[in-house]
Every structure is written in C-alpha cells, then in structure tokens.
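Should a chain be cited, it is by its letter among A, B and C, assigned in written order, with residues numbered from 1 in that chain.
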Amino acid sequence: MSSIMVSRIRQKQIYQMIASGRRLDGRGLTDYRPIKIEIGLIEKAEGSARVLLGKTEVIAGVKVEIGEPFPDRPNEGVLTVNSEFVPLASPEFEAGPPSEESIELARVVDRGIRESQAIDLEKLCLIPGKKVYVIFIDIYVLNHDGNLIDASALASLAALLNTRVPIHIVENGEVKRGDGYMPLPIKNYPIAITFANISDKLVIDPWLEEEEVMNARLTITFDKDGKICAIQKGGQGALTPKQIMEAALIAKDKSEELRKLVVKY
Amino acid sequence: MTSKIKLIDENGLRVDGRKPNELRPIRMEVGVLSNADGSAYIEQGKSKILAAVYGPREVHPRHLALPDRALLRCRYHMAPFSVEERKSPAPSRREIELSKVIREALEPAIFLEKFPRTSIDIFIEVLQADGGTRCAGITVAALALADAGIPMRDLVVACAAGKVDGVLVLDPNDIEDKEGEADVPVAYMPNLDMISLLQMDGLLTVKEFERALDLAIEGCKQIYKLQKEALKARYLTIKEEVETCLQ
Amino acid sequence: MFYFENRQIVTPGDLLAEGDYIAGNNTYKEGNRIYASRLGLVEYEGRNVQVVALNTVYIPSPRDQVIGKIEDVNINGWTVDINSPYKAILRINEALNKPFRQQKDDLTSFLDVGDLILAKVIAFDRTTDPMLTIREPGLGKITQGQIIRVSPAKIPRIIGRKASMINMLKRETECKITVGQNGIILISGPSPEHERLAIIAIEKIAQEAHTTGLTDRIAEMIRREKGVKL
C-alpha cells in the first residue's frame, strides 16, 4: 500500500530519527513499548488474556470443546487459531470475511505455538481416532496501534497458561464430563519478536506510523530453549541476509525478556 | 516427534535418491498462454505450476487504483486435483496467506511507479503439488512478469531449505516437508543480494537457521540461471532456425 | 566496461555496463552500473546503453499515431481503448470541425461504440488520461480493412530503418498498411488474400524481430506465397 496516510513531512521525520538511532516516541531501536498483561478477564471462556502493547490492545480467548481429531493425527488434540480484526479497532478494518492480514496473523501465531509444541497435544486425546479435546484460540484485536503479531502471540500464550480445561472422562466408550478442571499440558513458551525495516535499520515493536512507512517487516518466534520455531517476513520490501541474522540474534535475547512477563502466570 | 519414514538412508541419500544439497529436476517454459500478457510454466520434481500475468491494465474496481504506482495483485490457487485428497476450490486460509507473501516477494522487484493508476495481476495455479509450491510459484511468476514486458530490477527466484532426520537439505519435496523438522522457503533477488520472502516453520537453532538460509540462497542462484535460460530459449531457437536457414 | 556483446539477449537484472555511461531505454542505473530492466537485445551506442525490448506495454506519448476503438460515449465526447493500461479521451472539439449542439444522438451518429479510429495523441501525463485528436488530415473513422495486434515493442522493426520494412511490405503485398504506435496495425488491400498475406508477413516479422536479414527474408516469403496463392 502506498504510504500516503502518513504525511510526507512525518515520514521524513521518522526516517531521519531512526537513521540517527532514535524514535519519535523516545524509544531506542530495540525497545518495546510498555506491556501490560491481564488474565482471566472473560469468565465464560476457559482461558483468556488481554495484552496492552503501548496503545495496541488485543484479547485472546480460549474455548475448549470435545471433537474429532484430524484423520492423520488420531492421537492428538486439535488446536485452531483464529483472529478477528474487529471494525472498532481501526478505521482501516471493515466488517466481513477475514482480511489477508488477519489470516496471516492467525497463521503466524499458530505456527509459533504448534512448531514449538507448546501444547502437548498427545495428552489431549480421549478416544484415539474419535474424541479429543479441541482448543480454540480466538484473537480479538480491539485497538490497532501497530505490532499486532507480538501482542496477539503474547495474549495467546498468556490465555493458554490461564486455561482451565473442564475434565472429561471416558466411560463405556463414551466421553462424559468429569469433575473439576485441569490446566492445559503446556511444555513450551513461544515468544514472537517483530521488527520493522526503516532507513536500513531494524526497529523492534513498530507502532502504527512506523508500520505505515516501513520497507519490510520480520517476525521471528523463539521457544524457551532459544530455538527458532517460526519466521515470517512481511511487507513489500526486501532484507539482506546480514540484516536477517542480526535480527535473529537480537530477537533471541528479547524473547527471553518478554517470556518473563508471561510465564510467571 | 520422530517420523516413521526414514528420510535419509545409510548412504546419506534422500527418499528420492537425491543428495542433501541437490535440487529436484526443473523444467521451465515461457510464453505458454496466448491470452495473458505474460505466462510461464514450471515443473520442479512432481510439482507443476502455471503462472499468468495480466497488466499493466485498468484497475477494476476503480476505487482501488493508486495514484502513484501500479496495484499489484496476486492469486495463488491450488487446483482441486492437485493433491492426494481433493481440495475444495474455495480459497483456503493457506492460499490466502501464500497469495499475500508471494505478492510481497515479487513486489520489490517491479518498477511499479512506472504505471500509476493501473493494476498488474498475477495468477498462479498449482496443477500438481509435491512440496515447494510457493517457491516454484514465485520463480514461475517472475518469468511470466518478464514475458509480459513488465520492467523489473531483477528476476525474483525462490527455493526452500529443510531439515530432515537432522540433516539440512535443499528443495524439500512433499514428504520431506511434512515429516521433516523444519522448512525454510526463501525468495531472493540475486542481483541485489536481497531476500523478499522468508518464512520458517519447525525448530532450528540460530546457527542451523543461518546454514539453512545459505543453502536456500545457493539453490536460488542455481535456479536463477535456469530462469534466464528459459527466457532466452524461445528467442534463441528462432535465431538459430533463421541463421541455419541462411546457410 | 561492457559485459555483453552488441545485440545479445539480456534478461531483467543483467549487469550491462559499468562506468560513465547513460542509461537508455529499458535499463536502470545504480551508482555507475547499468542493468537491464526488460528482456531484450542490448545495444551499446557510444555512451548510450539501452535494451531493445522484446515485449512492452504501450504508454502513450504526444504525437504518437494510434488506432483505437470507441468504448463509450458521453456528453463530452468519447472514451477510446488504445491498447494501453490508460483509456484515452477524444473530446468533441478534437473530433468535429464544426460547433455542435448538445444532443447525444448527434454524437453516436458520428462515432459510436465499437467504431475504429485512426488518431493522434495530443497530451498525456501521469495524472490524467491520454487525450486524442482526429482533426488532422488522414485521421478519423476507419471504414474498411482488417486490424491486427502486435507487441508495441515490435513496431519500430515493422517500420524498419528509414521505413524500409514497411515500404517493402506495402509494395509486395499491394496493401495499404497503417501502423499505430500502440501496436495496432490496419491493413487494407485489393482482396482478402492480399490482406491475409500482409498479416502473415507482419506476424512473422514480430516473431523474428530480433534476427538479422529480416527484410529480405520477409520479401522472399511474400513473393513465394504470392506465386502460390495469387
């Protein structure tokens, strides 16, 4: 998209400041905006979390149901990630079927959780091939002020950690609701770190105006052992191999910082 | 999670007999459709993909036109018969995501500012899928763009690297992609040494990722040579025919 | 420093020259390096480095002669399809020689949707649509003949150096051939067979535009076909 929404003067200001190592809101190039995480705010959901990343606001809700497994994975629970860019979150969002950005975001967050095997899906099987727990993560964007991916990934992880699964048992070949709740079997904590490429520099956690003038976007998701489990380049520009490797090293450290905010829950 | 199939045998060869850093056989042809402004076809292993370009042309609907550049649109779509289990013709979420990342892979190469208020539409149809379709799709779309006479900074070429049974491999096929430990598709502009598509799923250390990236770029450079040959091929055959007639 | 031989085929991104040269058609410059931006034949002429593209899109230029098709009529004039991503406008005062009373019927009786015209581009810049005129002698509604479409990149070859190719074609096929810069060519001859011969010849030129000895080869082909068919 052409960047005419940000005025040319503003665009120039952003480029110049970043070229000299600073940002318009006073942050350093590798600083996140203030992050606030609230959990369990939606009682009717099995798990929920709200993340404020600067002014970006995202809620992730987890619903647990009983359903059929995928045919090629009969012993595993099912994970589905969806995202909704609701119209109230931005003048750019319209009601209707999910946009390509919304779909991309859901799939990138899904990849981070799935590839890191954050949820031990094998422990969510009830009757192999027939009945398993189905985990729905629904990401609800409430206010778009940039970097929806990182906010959504954080909210999703916090919601999963907060989830109380209604215990089900198998009796005479049928699944019945048992007693009480159990936490999800979580064994990894993926954290997504997103950069914007502006003025040939990589800035972490771009806010809305920076996203509108950026050349390209790079998201790298790290698991708790410092391994990469997902990468997604976005935007209409290109990056050098050197920039990508620099980003990977910065992201690795940053992911440890951010993980501490979530994992205490 | 360990795979049930052995993906690398005792001789270090892969399920289809390739060495780890070997590409699948590739065949490309340019100018295969008469209606499109530009078109091309690629076979990479068992993947078969067709690309067509219409444009620059008038934008429909009009209100989407950009005042200062061409609007680039891309549709990656898989034919229902392209995979083992029939795929519904309706665009899946995967196709929507791939359409987006493929468009973003080609965009930096095109001189879009030369055609304000127009659209350039790229259509990629996967006729048969056997892994690596987004990369082959980008490679063949770049050929179609060049065939259409759309000015570009460079040809965009794409190739993936993967990790199977602990070994880094080039150009994973479908089984290697599904059963392997990681997949890293990369789109590259060799002239500028820049990467316009980068994704990864799986689990890799930073060092492994760096090696995978290097491997994918090497694959891209090899495929780039084939792209150039494919573009020149049609004209060179005519030139040869004409010149042998003269003798 | 030149990296190719003259008239070699180059692809987008090929490094053509390095040094103090001028970036000509279908190339772009970064620093002191000139790269090809389109598939075509590289031409080094003095300090100018350019690529003769094998296929291009028609972007209108003032003074271009074009053949177009009327697409729409409104109170200001006509919208014309000139085989370009930009639709052209023919205003009433650029079409009629006399003043005009506002009745839509009058306009369509002069030029209606589907009519072909030979026109000239009088103005075009990137912010407005191209403007046409048919008020010069020889321009106006096309009433007979066949039209064919080729890539606009081939037009210079079809005209030839100092019009050598187009004159040979007219002479050998006995057809009146009007060439639009926009890749549309009008052929009008004594019989449909003559016209068909001209069409085949032009299509062959378009296909072999990048080869040498083309004019003679085409002339020979036409004479051969004439002997057989006419």
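Here is the rule we go by: a residue touches a chain if its C-beta (ideal position, glycine included) is under 8 Å from a C-beta of that chain, and two chains touch if they have at least 3 such contacts.
Note that this is a predicted model, so its numbers are computed, not measured.
Identification of common neighbours of chain B and chain C yields an empty set. Centrality by Cα centroid goes to chain B. Between chain B and chain C, the centres computed from C-alpha atoms are 33 Å apart. Between chain A and chain C the centroid-to-centroid distance comes to 53 Å (mean Cα coordinates, whole Å). Between the Cα centres of chain A and chain B there is a gap of 28 Å. Multi-chain contact residues of chain B (touching two or more other chains) are listed as 67, 189. Those residues of chain B that touch chain C in the complex are listed here as 37-38, 55-58, 67, 109, 111, 114-118, 146-155, 189-191, 227-228, 231-232, 235-236, 238-239, 242-243, 246.
Of all the residues in chain B, the ones that touch chain A in their complex are 1, 66-69, 93-94, 96-97, 99-101, 104, 107-108, 184, 189, 192-206, 209-210, 213-214, 217. Of all the residues in chain C, the ones that touch chain B in their complex are 9, 11-15, 26, 28, 35, 37-39, 53-57, 59, 85-87, 126-127, 151, 153, 207-208, 210-213, 217. By the touch criterion stated above, chain A contacts chain B in their complex at residues 1-2, 4, 98, 100-101, 103-104, 106-107, 111, 114-117, 218, 223, 226-241, 244-245, 248-249, 252.
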